[in-house]
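We call the chains A, B, C and D, going by the order they appear; numbering starts again at 1 in every chain.
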Amino acid sequence: MASTANSLRLCLRTSRQTSSAVSPLLRRALSTTTARCGMPGNTSYLTPTGVTKSEIPFYNQTFQDPSEYLQTVLKDASASPRDKQRAQQMLKAWEEIPIDQKRELQQLTKDAQNEMVPLRRHMRTRPTQFWSAHEQDPDLITDEIGEDDFEEDDIMAGAHGKLEEHREYREYARIAVWEMPLLANFAKKFEPPAEGEVLRFRYTSYMGEFHPADRKVVVEFCPRDLDLTEAQQLKLCKLAGSRYNPEKETIKMSCERFEHQAQNKRYLGDLIAKMITTAKDPTDTFEDIPLDTRHYKKKKNQISFPKEWYMTPERKAELEAQRKRSLMIDTQKRARHELVDGVQMIEAGIAEMEPVEELVAVKRGKAPAARPLRR
Amino acid sequence: MSAPNCLRCLGRRPSTATTVTAAGRCAPFSTTAVNGNVPMRAKTPNPMAKEIGFRSGARLTIKKKKVNHNEGKAPAPGERKAYRKKIVLSNDNALPVPWLKNMNAEHLASPQSAGKVLSLPSELQDQLRASEAFQPSQNWGFFRKPSTLVRTETVDLVTRMQDSASEKKTLRLVVTGSKLVGKSTMLLQAMAHAYLNGWIVIHIPDAQELVNASTEYGRIPETEPTQYMQPAYALKLLQAIKKANEKVLAKINTVSSHPELPQNIPVNTPLLTLVNAAKEAEGAWPVFHALWSELTNPNANRPPVLFSLDGLSHIMKMSEYRSPSFELIHAHDLAFVRLFNDVLSGNLKFPNGGAVLASTSRSNAPRSPSMEISLAQRKAEQAGAAPEELPKKEPYFKGYDDRVEAVLKSVEVMEVKGLTKPEARSIMEYWAASGMLRAAVDERTVSEKWTLAGNGVLGELERASLLTMKYF
Amino acid sequence: MPPRLNILSSACKALARGVTRPVTVAAAPHQQQQNAFLMAAARRFSDNTTSPTTPPGQDDSVLHPSMFPQNQQSDHQIALSKLEMVAYGLNPFDVSVDGHKFGLPELPIPSEMHKSYRYDAVVNLMTKLLMKDGKLAKAQRDMTLILAYLRKASTPKLNPARPLVGYAPAPEFLPLDPVMYLRVAIDSVAPLIKIRHFKGMAGGGRALEVPAPLAERQRRRTAFGWILDAAAKKKSKGSGRTMFPHRVAEEIVAVVEGKSSVWDKRFEVHKRGTAVRANLNDFRLKTLM
Amino acid sequence: MASTTRHGLTSALRGVPKTLYTRQTQSLQQQFQSLRLSESAAVTNGCRCLTTEAIKAAPEVDLEALKTRKVHEVRHARAIPASPGYFSRVAKFNDTYIALEKLLAQYGNLPTIPATEVERVQWRTYSDFATGVGEKIRLIDYKRCLAIVKRLNQIHPKLKPAVVKTALESFKREIQAYKNVPKPIPIDKFGRALGVGKRKSSSARAFLVEGNGEVLVNGKTLAEYFGRVHDRESAIWALHATGRADKYNVWARVDGGGTTGQAEALTLAISKALMAHEPALKPALRRAGCVTRDPRRVERKKHGHLKARKSPTWVKR
């Protein structure tokens, strides 16, 4: 039992080692995947779409035991010498195995064959029905029959979904840990634009997703950077119209007319070139038209802390002098009794007023004056 | 709410309308009276409504609080305005200030009196009152005698007036400044100086009255472009001039006869009689015109003239008046405004010198963009700015007015600023001495009020110290 | 406080205590002058702790020390300690040492220096009573106009039959102190009592009227309420924003002159109070009180 | 075989390092150390729970060890509690109390500093501590406990041993109110102090610098910015009340809210800046009502009300 297992392992290992030379039989013995052919020398295991079966060597033909297969390999011209000598070794190993074991193995493979037949049958992808016509994800293409009945051999669909979710998380976690750091290799240090590079382009990317706005390109430049005379610069600004920002003195234009970024950028570049040429031609410099800045809403005036209030030594001295002066004034006025105090003034003023004759209270009711006057 | 109506009309006795109408004329469930050819009646309360008792249940009755109007008669028309505009120049409660001096002819021109408070002599008070130099919004009524603070700006202005008079030139100047800073007071001081020095003063206290279509107006024949006179205002102004300048006018005689006037005014009659010739409105404008021609007559010896106007921006826009073709009349087509602008723009000169002063207003003033821009330009020029760095006009702004800019092309601009602390101190001492400021006036108090008044804006200083609930 | 500075300051204190005042003042006038100057310098030429007492000093060409305000003892102490600190090589005017630059206002600062109590109590109360719909700014403007009117109004002629409150000054004073004017007017007509009505206690469904004393604030409130009612009945002369305040101000003047109908209200209340004062010891009230 | 696997499992669960098992000199006592209640877990979820600290994956079964060891030793294992007070009413508290007493006995004679000098600590309240421990502690006991704690806290900070510090930690509240002291406002190189004040929904930032009494609010003078004299006064009230109105200049940025709010926000801002310049003025400013921030805001509207408190008029039916 164990010995057979060992021999099986041996075969498996060999088959694993032979990278290019595929052993369909042995592989198939433990695989549920569709029959694929490994063309010798072709390492890719793609299902041969478009390739006719006749061209494929030993398509669907089964070997009784590994030796046959190895023989074919040795015969095969396209096999690499490395494979061939591997095959040699394996053949030797095979010869050494005692006969009864070989027989057992053949028996085993037969059984395996018989079991594998239904599994190995070529799985047809379902014809896309109407409902699943626009389905992107093939996993979601299902036929409703027998979808929900649950025989007790598996976890529920929700649980599968959960697992799927976890797999997704972990995938991104892996990316974050293993691949993101590699981005650092692409890092470039910033170098400021050179003298000649006056145009500043802005692109928009949505991380590979499609977005109607990702074709948009914006260019900003300062007329002063272009080598133009004052008049030409002014004309350029006038041409730019409402794209001119009088505060920053820049012109900012965008284009999303065409389908691709590159086209838009190209268009902008041409446009700027045209504008510059127009600005340069001396036939009509728009002298008579004043620069129109109505489109620009000026920011509220940026107020800032007054410089002359800064506490410099001069300022300090000046303030000291002021305070000294004012204290001097007060003390002098006090000394000369010239400091005007409102309350004292009032008292003094009242004192020198001539006293009014004192009114005497008479008994109530007698005096007519006592009766309150109505308005 | 149609349903209750319908139910109601089911229970209702046949109403007048339904009785009148022939059967089947009205829809069975409608509450509206049929108004086909039926004569509608005056609505009468339905006598049956009560006993049938629809709209039963409690009703919301809001009891109006009865206000008893048992007072006397309402004030006569114009009385309220008179009360509002009443100008009180003295307050017997206020203490007399011993050190206060009366203003005389030289005071305002002398730099020594800068930063001093001077009181107006009674005769001058009457003159200023006649020419409506005092305003009800100014707090004259707090003190025993009306007195003003002589500021450095005042001295500056007055000296310039004197110089122009002595050189027989006409000073053309616009007084600007922020709100409540004392522009009108500056005019008043200028007028005070003029009166004290025997000038002839013509003052238009509020330019708004000229343009807001409040006085009657009429076309002046054979004028191109058509000008409009304001006879009623002319009469008012003439009387003000007469009252204010009586003495001076009595001394001066006419140099030309004025045939256009109804009364014959021979040569060498005193101008006073000429002014008196205006008895009622319709004759007033020619008389004023005659007076004006006399004053501006080049070959005559006249005293210098001060022509002042408050609220400049009113006359720098379209007026409210309408021309016969019902278009708005430009303020410069009104004769008075035209005269003023002639002098202000320098087209017309007073032969013996004088001054024309205008002050902008901040309290009630329409925006006049071209006035603002040109005043800003003048200010920049005086500051010595090169012509290219003057403030520029908005190229695409529609609201500018060339006539206004033409007038203000070469005027001088004087901006009135806030008081300095010494000035503030002196006037606050005056207030305290007259018992209206119950506090010791020392540097700290002064500085504090100065701060509260937005760096010594005079009007704000008054608000902060006189018109306050604060108990000092 | 690091120990070194601690020691130094204590040393300064000791020295300052050691020097007696007469010595500094009399024996060394120059020293005193220096001290005075130092004091001024210490307060950065601010006169925050100045006392109104003016020392006799005629020489005003220079800043003579005797001109400086002198509440002496403490100032000498301060100046001396500062000098000592200088001697110890410390900056005497270091803010961290004494946390002020211009001298400290003496505490407690007067109550009208509190932001919320800046106005006189009466004025404040009256302003709040003038207020409608929570428009305090308008009420305050009205109050200023009232006070301004009182300042300009002619001296009131008192009516001997309608005596003012005890503390009322001579009528000439009143216009010069409008707040006092207002207070006098209100306190004079303020009723001492109000009449409380106990429903159905008098038997036969009649209310039992009992006089109850009023607190000061209540009295003023009632009085000003009456004044406002009287003002509401007046017809205003002018127009514009001065209408209402002038009416109220006129009423206040009328009150002081004894012409106002408010006096009658007060008289009525008092009379009623005296009439029903027997109800105070009514047995039915015993159950309540 | 089966027993071995079970044993492996248990050992894995207990997380006892395998060396314990391999070594023969391993006592039951040691084994049950691993069974003791973990303080932290008890404190967090406030109940006694039988936890093993750090659940590890089962160690790899190595057959040699299985062969060599004699398994019957650990078969009849009985749990012996870690603490002697395990069966008392308030076991954990007793333990802590005893521990504290030990500490006191040990370090009680270290030099102390007077209670006024000790940096203020907020100790946990009785209810807080009791719920934390999850035992029915008597108040009096906790008070005794705290007394010891405070005594230990008085030990001179330089000499206070680490064990004492750690012991005291469990009696301190998580949030120490005394720790958050406001940052002192610096005076920058231009001699300015920046104070920030708020009121209602306005906020103001005021730069205070020595000067001659000029005030600029959003670039305007006081009179231009505040139409109302009352507001101007309250804006510079801090300066007015301390008689500094002519000693400083103010340059302020204000936004939000209405005039009153802005003015009183300025009051607070200026007074804070002033206190940065002259700390000694604080009592005066406090008495002038310029130090406290007025917390009143607009009351929120409630559902079922028309405004904050106004409810719709009652209609019959």
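What we mean here is this: contacts are C-beta pairs under 8 Å (C-beta built on N, C-alpha and C of every residue); 3 or more make two chains touch, one makes a residue touch a chain.
The structure presented is a predicted model; accordingly, all values stated were derived computationally and were not measured.
> Compare the CA centroid of subunit C with every other chain's and tell me the farthest one.
A
> Looking at C-D and A-C, which one has the bigger number of contacting C-beta pairs?
Taking the two pairs in turn, the one with more contacts turns out to be A-C.
> As a quick test, compute the distance in whole Å between the mean CA positions of subunit C and subunit D.
Going by mean C-alpha positions, subunit C sits 46 Å from subunit D.
> When the centre of a chain is set as the mean of its C-alpha atoms, what distance in Å lies between subunit B and subunit D?
Whole-Å distance between the two chain centres: 68.
> Take the average of all CA coordinates in subunit A, do the same for subunit D, and state the distance between these two points in whole angstrom.
Here the centre of subunit D sits 39 Å away from the centre of subunit A.
> Could you list the positions in subunit D whose residues touch two or more of the other chains?
Residue numbers touching two or more other chains: 210, 212, 214, 233, 240, 243, 246-247.
> Got the subunit A residues that touch at least 2 other chains?
Residue numbers touching two or more other chains: 323, 326-327, 330, 346, 349, 375.
> Can you list the subunit C residues in contact with two or more other chains?
44, 46-47, 52, 118, 140, 172, 176-177, 234
> Which residues of subunit D touch subunit B once you look at their complex with the stated criterion?
Residues of subunit D touching subunit B: 212-215, 221-224, 229, 232-233, 236, 240, 243, 245-246.
> Could you list, by residue number, the parts of subunit C that touch subunit B in their complex?
47, 52, 112, 118-120, 123, 127, 140, 143-145, 147-148, 151-155, 172, 175-177, 179, 233-235, 237-240, 242
> Would you pull the subunit A residues touching subunit B in the complex into a rising list?
Per the touch definition, subunit A meets subunit B at residues 290-292, 294, 326-327, 329-330, 333, 339-346, 349, 375.
> How about subunit D: which of its residues touch subunit A in the complex?
190-192, 207, 209-212, 214, 216, 218-219, 246-247, 249, 251
> Under the definition above, what is the set of subunit C residues touching subunit A in their complex?
40, 44-47, 50, 52, 54-58, 60, 63, 67-69, 158-163, 170-173, 176-177, 234, 254, 258-261, 263-264
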